[in-house]
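Here it is: the structure, laid out below.
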Amino acid sequence: MTESELNKQLYKKIYTIRMAEEKIREIYPLDVMKTPVHLSIGEESVIAGVCQALTQKDQVYGTYRSHALFIAKEGDMDAFFAELYGKHSGVAKGKAGSMHLSSPESGFMASSAVVASIIPVAVGAAFAVKYKREDCVVAVFFGDGATEEGVFWESLNVSCLKNLPILFVCEDNELAIHAHISDRQAYTIPEAVKPFGIHVYSDKTTDPSEIYTIAQKAVREIRKTGKPFFLHLKYHRYLEHVGINEDYCHGYRCKEDYTEWYGADPVKIQRDKLLAIGISEGEIRSVENAADRSIEESVQKAAEAPFSDTCELFEDIYA
Amino acid sequence: MTESELNKQLYKKIYTIRMAEEKIREIYPLDVMKTPVHLSIGEESVIAGVCQALTQKDQVYGTYRSHALFIAKEGDMDAFFAELYGKHSGVAKGKAGSMHLSSPESGFMASSAVVASIIPVAVGAAFAVKYKREDCVVAVFFGDGATEEGVFWESLNVSCLKNLPILFVCEDNELAIHAHISDRQAYTIPEAVKPFGIHVYSDKTTDPSEIYTIAQKAVREIRKTGKPFFLHLKYHRYLEHVGINEDYCHGYRCKEDYTEWYGADPVKIQRDKLLAIGISEGEIRSVENAADRSIEESVQKAAEAPFSDTCELFEDIYA
Amino acid sequence: MITITYREAINQALVQEMERDPAVFVYGLDVADHKRIFGTTAGLVEKFGPGRCFITPLAEDCMTGFGLGAAINGLRPVHIHIRVDFMMLAMNQISNMLSSCRYMSGGKLKIPMVIRAIIGRGWGQACQHSKSMHSVFAHIPGVKVVLPTTPRDAKGLLVSAIRDNNPVIVLEHRWLYDISGEVPETDYTIPIGKADIVRKGKDITVIAVSWMNVEAVKAADILQQKQGIEVEIVDPRTICPLDEEAIISSVKKTGHCIIADYDWLFCGFSAEIAALVSEHCFQEIKSPVKRLGFAHTPCPTTRPLENKFYPNAVDIIRIIEDKLDLAPTDLSGEEFYSHENKFKGPF
Amino acid sequence: MITITYREAINQALVQEMERDPAVFVYGLDVADHKRIFGTTAGLVEKFGPGRCFITPLAEDCMTGFGLGAAINGLRPVHIHIRVDFMMLAMNQISNMLSSCRYMSGGKLKIPMVIRAIIGRGWGQACQHSKSMHSVFAHIPGVKVVLPTTPRDAKGLLVSAIRDNNPVIVLEHRWLYDISGEVPETDYTIPIGKADIVRKGKDITVIAVSWMNVEAVKAADILQQKQGIEVEIVDPRTICPLDEEAIISSVKKTGHCIIADYDWLFCGFSAEIAALVSEHCFQEIKSPVKRLGFAHTPCPTTRPLENKFYPNAVDIIRIIEDKLDLAPTDLSGEEFYSHENKFKGPF
């Protein structure tokens, strides 16, 4: 892929995520999306950069905060919005909502809203991939808070011990809901995972192509060695933990942080990058317009789609 | 305490533990102790050395393998044997058996037979001690296998984060039942705990006075700084995991290891030490005889003591 | 008497007990942030300092054992979970440790620990934020399980729980937080193990758990007005220990029993009630105990399915009609509780 | 037919299914050491290699999620716990993940995972190695729960469990391992969800779970000989899904029902049976369903108390006498099952 193609793809991902989230912020007050939303605004580069380094066959696993992941792994946008609307055409017929998104067709296998609980599932998936000698990698996304749960350490040990092809992606926003990392962790994440014998890379860039480059190296390393890799990537959560609002007013963190991070906002950075590498404003606009349109159409369809029939409640429990 | 007094006390502890365990090995085939026993033979120096550095008020918490801990913390020997016999005069009226020994009177608060599950309890105890501004330290004993459980890492984090007066004592015999540590751990224990900001000391000596010295330093450090300390101490489990027999014949480990460790057997080492510092054979014998007698008497009493009445089943559930 | 919300009642109980006894402390995720567990821990950190009200790392398993360790050392920990589902991470500590630590000590240790957790329905919470789990906790000997419904009970039972020398799990339905009710101005307790006859009636007994009391009262009101039926509602309030006597004597009187539980049915508290009643009211009971509770599925997100997942007042009315051979009640014009307006997301 | 032990039956099922389907693998603590989970995993590592039969770190929570991840990727994991109590560490994965992962995927994912665990009584095992917990697992929609009693059922049900596309928890009583019985020589399965009428009788129905079938058969033998009473014994074999029909029709026939469970009673499977029977046999039943199970206490170590904690054949006899108004049966000279001789410690 050419550099320009790559950067355009990255921009498309980041822009789509941002605009989808902004769309949700717009619609949410109408009370038609009856599902708690944990938005990805601010986080786009991490997700887009890492997913760009994955193939479609590569699997990803996520948390309740997985809108970005769904989009970056190229899940179906119609099914995405329909799920948020709780409609039958949603990825899980409205059963999953925002917190349990998945898109197995595109490699986004599952997500969980119990912190850290998806991590061992991803480890098992990596085991399966190895067992079946499939040429694919598993990436699992989780927050800084997830590293406090015991199962994180168990999973780290198991994947290192068994040399599994898994990419741990710790998205460190220094917050668990409203609690700052310094009030929760006696360790620093990259230092603490190293003794398990895992490759670790830590960064705080918001430049998606930098993250892509890092992730690509990590994924190559995993494919080559069959061993796990740990990415520790920082970002700033622009909005409240759950919901659509800013919440700097509550004093648990300061707006200055936002201003600083916003200086290197993923969307801005990548847009500037496109311009810098000679992509015209017009071409950028056409990427943006396509994304806008696709979001608009998906939202329309979702709004008009029917709910599942109530007998659907009793389906999908057992196979 | 004089060096000679100290060493005599250490020997008394070690010798009593060894002889109590040997007594159990002798009695066990009679099928009068209907409780699974995880013997401490080989482990004596670790327990005796650490407990010697604790005061009576200091608390200890243990596992199913806690005969040594009970004795070293100077629990009542009559109640100890009575508990193994399942008698009403046992520490817990026979309810606890070997796997749930305790002696709150002497500071051995509780033990658990679910691996690692006692660790957070000890952390909470250390919190209570600090909360009540009591001048005491909490020590928690666990095996190498326990460090694989998530709750171990959670507990490590919490105690370091909150600066609690706790001594972690990891008794590393390189085995969890029959599984070697190299098949279970991608990390080395002392290296992996360091990033939590805890003082760590690792050793493989079987010399109880060396362990005492180490432990004393650790306990002093805890008292001074109010922060946790981690002791990683190796020993060789002479017998099978549970039960009274040797089991080198099963091939999961080799007898040569035993021979090597037995060369520095805790009892021998400490006995030789006593002789070396000028304590007479006669004096040593009198320590030994006293211990032998005490064991013999306790066993006698236990054998003759009555069982709890069956209505005792329904007591002690709620306070 | 003063009128306060359930939320305030919980908060008052915590403040009062922390003032009374310096051994009481409160901890858990979110207890000291600006939201304060929906306001229930408001003011604690300001009043008692971060030593007695503090947040923790995300480590439910450890923090439960931590409470046990503190409790056997004479403290009175109150551990809080914003969702009962997260207590599943602590099931080992609950079922293997908390429940049996006293027994294994031969009665030497006491475990005055409280675990508060929010249960049930929020707002599109899906399968991992929607459970109740009182049946599972109550199954295990050695813990007590309490589900207060009114502000008065919430305060009185939480105070009892804190003063109890055993592990007590207190489960609070999210929707109850906004309910107001009268509470004595003076220090009082509600005993653990005593049911409340929420409403007296002669025709049928409804045993209702937690939020289902609100639904049952609504159903009873309608049936009274439209069918002249007198429903007796019994709120057990504490599941374990259970006030069997209150339940049995009500059913002996009415001859019919519905258990409106707020949990899955299979091997649940509703089964326990059915077993209890059919054993002790064998002669008196005129129809089989009818059980109402969650659908036997994980909880879905979308509103139409969620509405079907949870039982409600209409379900109770229909069952009563069926049991008493009534013609269908005209429900037109009736307004049922709906969080559509009162309770907007996201949590 | 060949005669083999329960232990061998389990082993045969594992070998057979691993041979048949390369997607099946077996893992857990102790599965590949020289003791091989009391022999049930014997030969697997030799035959199928360490890639398909392997031990793990001590990490029950992780290793359960691990199985889920492998299962949704088309493998058929069999996770083994030498004690069901250790599964409490994995309750989050069981109740929040395994049970609902398919549902949350809208039916796209399948979870063909088996969890085998040893339950109940060993030998002075005390409170943390003595549970059964089938009631708790069965309470959660989305998992299946199986408790085979005979070698034939052990093999046939384990094969079914492995081939099932859902999470199946298979609970095996330690004392059953040495029991011998006939097993078909050819490939066969026992369906999950089908009860077994262990013994036909007209006077009273005993629903017996796992080991309690052994006790119930003993009780029935004695009552037949000494009192001429015909006891019908129904082994549900699978708790969830439950063969309600078999239970209901037996009780309709006999008019009396005892549930001899191997768990605590409160909010347990015994309550479910009592509820079921009293609902569906309301007309036919002549006496209340009687429940038998663990004492409502943690399990003590010492033998006299342990003997009282667990229910047995004598308890069943006494209840039947009571229900059928019989004079006390003379039990002198009767030999009851005792592990005093057969089963020596330490485990």
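We just call them A, B, C and D in the order they show up, numbering each chain from 1.
Assume contacts are C-beta pairs under 8 Å (C-beta built on N, C-alpha and C of every residue); 3 or more make two chains touch, one makes a residue touch a chain.
These figures come from a predicted structure and were not determined experimentally.
**Student:** Sort the other chains by how far their Cα centres are from that of chain D and give me the top one.
**Tutor:** When every chain centre is compared against chain D, the largest gap points to A.
**Student:** Between chain A and chain B, what is the gap in Å from one C-alpha centre to the other?
**Tutor:** 47
**Student:** Report the inter-chain centroid distance for chain C and chain D in whole angstrom, where each centroid is the mean of the CA atoms.
**Tutor:** 31
**Student:** Centroid of chain B to centroid of chain D, CA atoms only: how many Å?
**Tutor:** The answer is 36 Å.
**Student:** Taking each chain's centre as the mean of its CA atoms, how far is chain A from chain D in angstrom?
**Tutor:** 42
**Student:** Do you know which chain D residues sit against two or more other chains?
**Tutor:** 56-57, 59, 61-62, 85, 88-89, 92, 96, 103-104, 126-128, 141-142, 296-298, 300, in rising order.
**Student:** Please set out, as single numbers or ranges, the residues of chain A touching at least two other chains.
**Tutor:** In chain A, residues 90, 93, 95-96, 100, 112, 114, 148-151, 154, 157, 161, 183-185, 317 touch at least two other chains, as defined above.
**Student:** For the protein chains shown, what form does their contact graph take: line, ring, star, complete or other?
**Tutor:** Graph shape, chains as nodes and touching pairs as edges: complete.
**Student:** Which residues of chain C touch chain B in the complex?
**Tutor:** 25, 51, 56-57, 59, 61-75, 77, 92-93, 96-97, 101-112, 141-142, 144, 165-166
**Student:** Which chain A residues qualify as touching chain D in the complex?
**Tutor:** Against chain D, the touching part of chain A is residues 61, 90-93, 95-96, 100, 102, 104, 109-110, 112, 114, 117-129, 131-132, 150-151, 154-155, 157-158, 161, 315-319.
**Student:** For a test of understanding, state which residues of chain C touch chain D in their complex under the given definition.
**Tutor:** Touching chain D: residues 61, 85, 88-89, 91-92, 94-96, 99-100, 103-104, 126-128, 131, 135-136, 138-142, 240, 264, 266-272, 274-275, 278-280, 282, 287-291, 296-298, 300 of chain C.
**Student:** Taking the touch rule as given, give the residues of chain A at its contact with chain C in the complex, in rising order.
**Tutor:** 28, 31, 34-37, 86-87, 90, 93-100, 112-116, 145-146, 148-150, 176-179, 183-185, 242-243, 250-252, 307-308, 310, 312-314, 317
**Student:** Touching chain A in the complex: which residues of chain B?
**Tutor:** My answer: residues 148-154, 156-157, 160-161, 183-188, 191-192, 194-197.
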